[in-house]
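Take a look at these structures.
Two complexes come next, and they have one chain in common, subunit A, joined by subunit B in the first and subunit C in the second.
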Partner chain A sequence: MKLAFQLAYKNLIGAGLRTWLNVAVLSFCFVIIIFFNGMMDGWNEQAKRDTIAWEYGNGHVLNDKYDPFDPFSLQDGHGQIPADAAHLTPILIQQGTIYPDGRMVSVALKGIDASQTSLELPTQALRESDAEIPAIIGTRMAASNKLEKGAEVLLRWRDKNGTFDAANITIVDIFENNVGSTDNGQVWISIEDLWKMTGMTGEATLMVAGKEYVHKELEGWHFESQKALLSDIDKIISTKKASSGVLYMLLLAIALLAIFDTQVLSIFRRQKEIGTYVSLGMTRRQVVGLFTVEGAMYSIFAMVVGCIYGIPLFIYLAKTGIAMPQASQDMGVALAEKIFPVYGIQLVIGTIILVVIAATIVSFMPARKIAKMDPVAALKGKLQ
Partner chain B sequence: MKFTAITTLILGFFLLTIPAFAQTPNAETIIQKIDDNMSSKNRIVTSEMVIRGNRKDRVVSSRGYSEGNEKSFTEYLSPEREKGTKMLKLEDRLWIYSPSTDRIIQLSGHMLRQSVMGSDLSYEDMMEDRKLTDMYDAKVIGEETFSDRKCWKMEMIAKVEDVSYYKRLVLVDQERFVPLKEELFAKSGQMLKQTTLSDVVQIDGRWFPRKMNYKDMLKAGEGTDFIIKEIQFDADIPDYIFSKGSLKK
Partner chain C sequence: MDTQPIISLSDVSKRFPVGDGEFTALKNINLSFQKAEFAGLVGPSGSGKTTLLNIIGSLDSPSEGKAVVMGKSISALSHRESALLRNHHIGFIFQIYNLLPVYTVFENVEFALLLQNRSADERKKAVMEALDWVGLSSMAHKRPDKLSGGEGQRVAIARAMVKRPAILLADEPTANLDAENAHIVLKMMKKLNKELDTTFLFSTHDEKVMKYLDRIVHLRDGKVEEDEIITTQQAAS
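Take a look at the complex of A and B:
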């Protein structure tokens, strides 16, 4: 086997440009696979981390009549906060309308305990403000409605009986985060203010579990664990991975096709060499092994070359991040302005195994022909 | 349907028992006169709704049939996009038929709070058919001149909790007994909507406003106009008009 590796190495180096072209394409494939998967893993980690910090906490306790995917359920999906709701931050959600510059904008009016610490929302600003109805909004909401810190905007809402009411709210803070679902179309005010405004004192739509929360059955409420809430992000990322996988699989297919072609050509042009190996005492299997190792060695070379330019590139991207377009950041999943790729050992080893095995298989396929060759005819260089 | 719904809504106000001032006519008399002047067993109205947008105005024409406050049927005639859309209101239920989907849907819950064809009017505004006497305490609070007409000024404060608007102010023409303006207020005192009736003409011996402007006061813009092109009182409307079957016809 050692001989096979030595011969394969010498043959590949001897082939010159042909070898390096194959290696270049395959190494590019290596880098792209690791880059894409690293970016997706980085996004996944960042999205989960931010969503936990800003929205999910340690899980949600939801009112049974409330469905987060059905805004129509907001009307009835709320109830009295249970007396034994320890380590839970209540949030009451009502529909409202704001009128920035005379435009009508529907918003989700969210009342949250101003002294909460379960989420990173800067709710202390609500506590510290002297405004009649202090409110905090996210940067996306502020930008789309041209609202600045200190701005007053008219809010219209309905109380528990459906009667309209309207008053000015003051934007006391504008927070920046990556979780669009806590920002787009949302106005956060103190839950005490919202209780007063709507007459729904002591009621909540959902409650965010703190770190110390231990779930026990609460009548009229159900618990969604952090893991269950995050499963949607996992699903989105895996779908994204699959779709981007098509791209690098195509690239890999091109690289493997190049190796396959090279192998077919080698076997065709090196028939005398094959005949010589056999006549010198190598078995046909050993010759097949030699050619297979030669093909597989492209992937080893590609790995080395990929490392030469890939590692500095990956280190650079992991430090500076990959900028994401603004439009993508407004989608439902948490997406930062920059994604910092994560290159796990599992990803790198997985990619190496994938490329080496694939290269070995495509090298072996044309090499099988050698086993059927007549060594005398091969020595004479006759076409078989 | 929108015109008749709003008109009947305002008219409903005048069915209130208004505590009469010593110097003002008896409230019952005012109400009766308005009722005689404007109410009818049924009516068929061909109207135009002018919806003012930021860039351009849209004109939606329709023909509406109504019987009292509880039954109404509207068919949209133009523009092409809305042509054939039909709405049926029977008491507190509202159905819409859209020819593009060939489906009838019943609006309920939050969907009723949506704007009608992008106008300043919500489906819910059209759905209100409770007697205002059941919802508000009303009184005449003075006189005012509006559009060169002397009017009685009336104030209504909600006496029940489940009303959309906490307070209403209405101006009624003292001579013709036609409501000319209505303002709707939030609990906080913020004016939310305003309805202005104008172009009052005599039709079949009745004084009737041919133009109504409905405006969301919190929104920029000039509101939505309803203009009556043709109106028939006490017409012969077949019963099938107010049935779900007529939506798909």
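Take a look at the complex of A and C:
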């Protein structure tokens, strides 16, 4: 085996340009696969971090009648905040409509405890303002409705009896964040204002757990842990990984095809060499092994070459981040303007194993033919 | 010379499938060669010389009859056993040298020893000695494409002889050489034959080669036509 490596090494170096072409394509595969996955992992981490900071906190305590995936459940999905709800930030959600520039826009009207610190929402702006109904919105919401800081806009909502009411709200702050679900179509006001507006005093739809929160059973409410909430992000990211996986699998397939092709060609062109190996005392199986190792060695060379340009690139990207296009910011998962890729050891080792095994297999397949070669015909170079 | 022959062929025939039928390349060959012979298979093109050498070299096996080389029946050998036989005991020299292009002269000669798992020191010593036999010590680090034809064939001789095989099979070794180089190469082989007691078996239709042979087996249409022992006096001339 060691001999096969020695000989394969010499043969590859000796083959010159052809070797380096294969190595270049394959190393590009390594780098792209690691780059993509590193970006996804970085995104995943960032999305989780941001979503925890802006939305999930340490978990949510939800009213039993509220289903976050069913907007109609907002109607009934609320209840009195339990008396012993320590370290919980209540949020009451109601549907409303705003009329910016005379257009009609449905919004989720979210009342939140203005003195909360569990989430990064700048709710203190709600306390500090002396507007009638101060409200804060995210940059996306502001942009899509052309609302600026200080703008007033008409809001219409229903009170607890279903009667419509309307008033002007004042945008006192526009916050920047990466979490679409606290931004798109959301208007945040003080929960006390919302209580007054709807007559649902003391009620909440959900409560965000703070750091010190310890879960205990609350009648009519259930707890979704931070981990459970985040599993959705994991799911979305792994779906996205799979779809970008198609891309790099295609690239890998091209690289493997190049190796396969080289193998087929070189087995054909190197018949005399194969015959010579046999005449010098190699078994045909050893020759198969040699050719397989040669093919597999492309991936090892590629790894080394990939490291040479990949490592500095990855370090640079992990430091400076990758700017994301504006258009992709509404993907349902928190997406920052810049993603800082994360390159885990698992990712790197996994990629190496994948590529090395794949290269070995595509090298072995054509090389098997050697085992059936007639050495005499091979020496004459007469095989088709 | 009346010990067990190193090569013995009894009733060896070889048939190749051709189209729907068969072509008989060798017919009932009965021959034996003793240790340290310097013999040649001589005959026109297509007479079966290469086929016979390939069978003796265990690259091929007889369709009928028995070929026994160094006490082993060729047809009975496994792939691994025949590879071992070639690696340790049989050297090949081809018409077109068949040097491995990406290896240096040294590495080409070293190859068989690598397969034998010999130590680096041992290999180096043996390779340099073999290159010395053929007068190419100074070319050890050249690549085959930098060599002249005569030098190429000398490297091939060193590669075949480095393992000190019992048998050396040379298939038209001078066919690609000019007269001067042919004589150089033949003298080297004759010298190695004397010094190392290696059995040399040539295939040739080159008059120059025949002058050096101690025994000429004439083949025609796959049959032995004549088995001619050349007296020492004649051969030396």
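We adopt the following convention: the second predicted complex is superposed on the first by the 382 of 384 C-alpha atoms of A that agree within 3 Å, B and C clash if a C-alpha of one lies under 4 Å from a C-alpha of the other, contacts with A are read in each partner's own complex, and residues count from 1 in each chain.
The definition used in the following text is that a contact is a pair of C-beta atoms (placed from the backbone, for glycine too) under 8 Å apart; a residue touches a chain by one contact, two chains touch by 3 or more.
All values reported here derive from a predicted model rather than from experimental measurement.
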Three-chain arrangement built on subunit A, subunit B and subunit C clash or fit: fit
Touched partner set for A:R18, first subunit B, second subunit C, both or neither: neither
Which superposed partner A:K240 touches (first subunit B, second subunit C, both, neither): neither
Touching partner for A:D101 - first (subunit B), second (subunit C), both, neither: first
First, second, both or neither for A:L3, with subunit B first and subunit C second: second
Contacts of A:P375 with subunit B and subunit C, given as first, second, both or neither: second
Contacts of A:L280 with subunit B and subunit C, given as first, second, both or neither: second
Subunit B versus subunit C - smallest C-alpha distance in the overlay, whole Å: 72
Interfacial residue positions of subunit B with respect to subunit A in the complex: 109-111, 158, 161-166, 186-188, 190, 192, 216, 218-221
Touching residues on subunit A, where the partner in the complex is subunit B: 71-72, 74-75, 95, 97, 99, 101-104, 154, 156, 158-159, 161-167
Touching residues on subunit C, where the partner in the complex is subunit A: 54, 57, 59-60, 79-80, 83-84, 86-88, 92, 94, 98, 100-103, 107, 111-112, 114-117, 159
Contacting residues of subunit A [partner subunit C, same complex]: 3, 6-7, 10-11, 13-15, 272-273, 275-276, 278-286, 374-376, 379
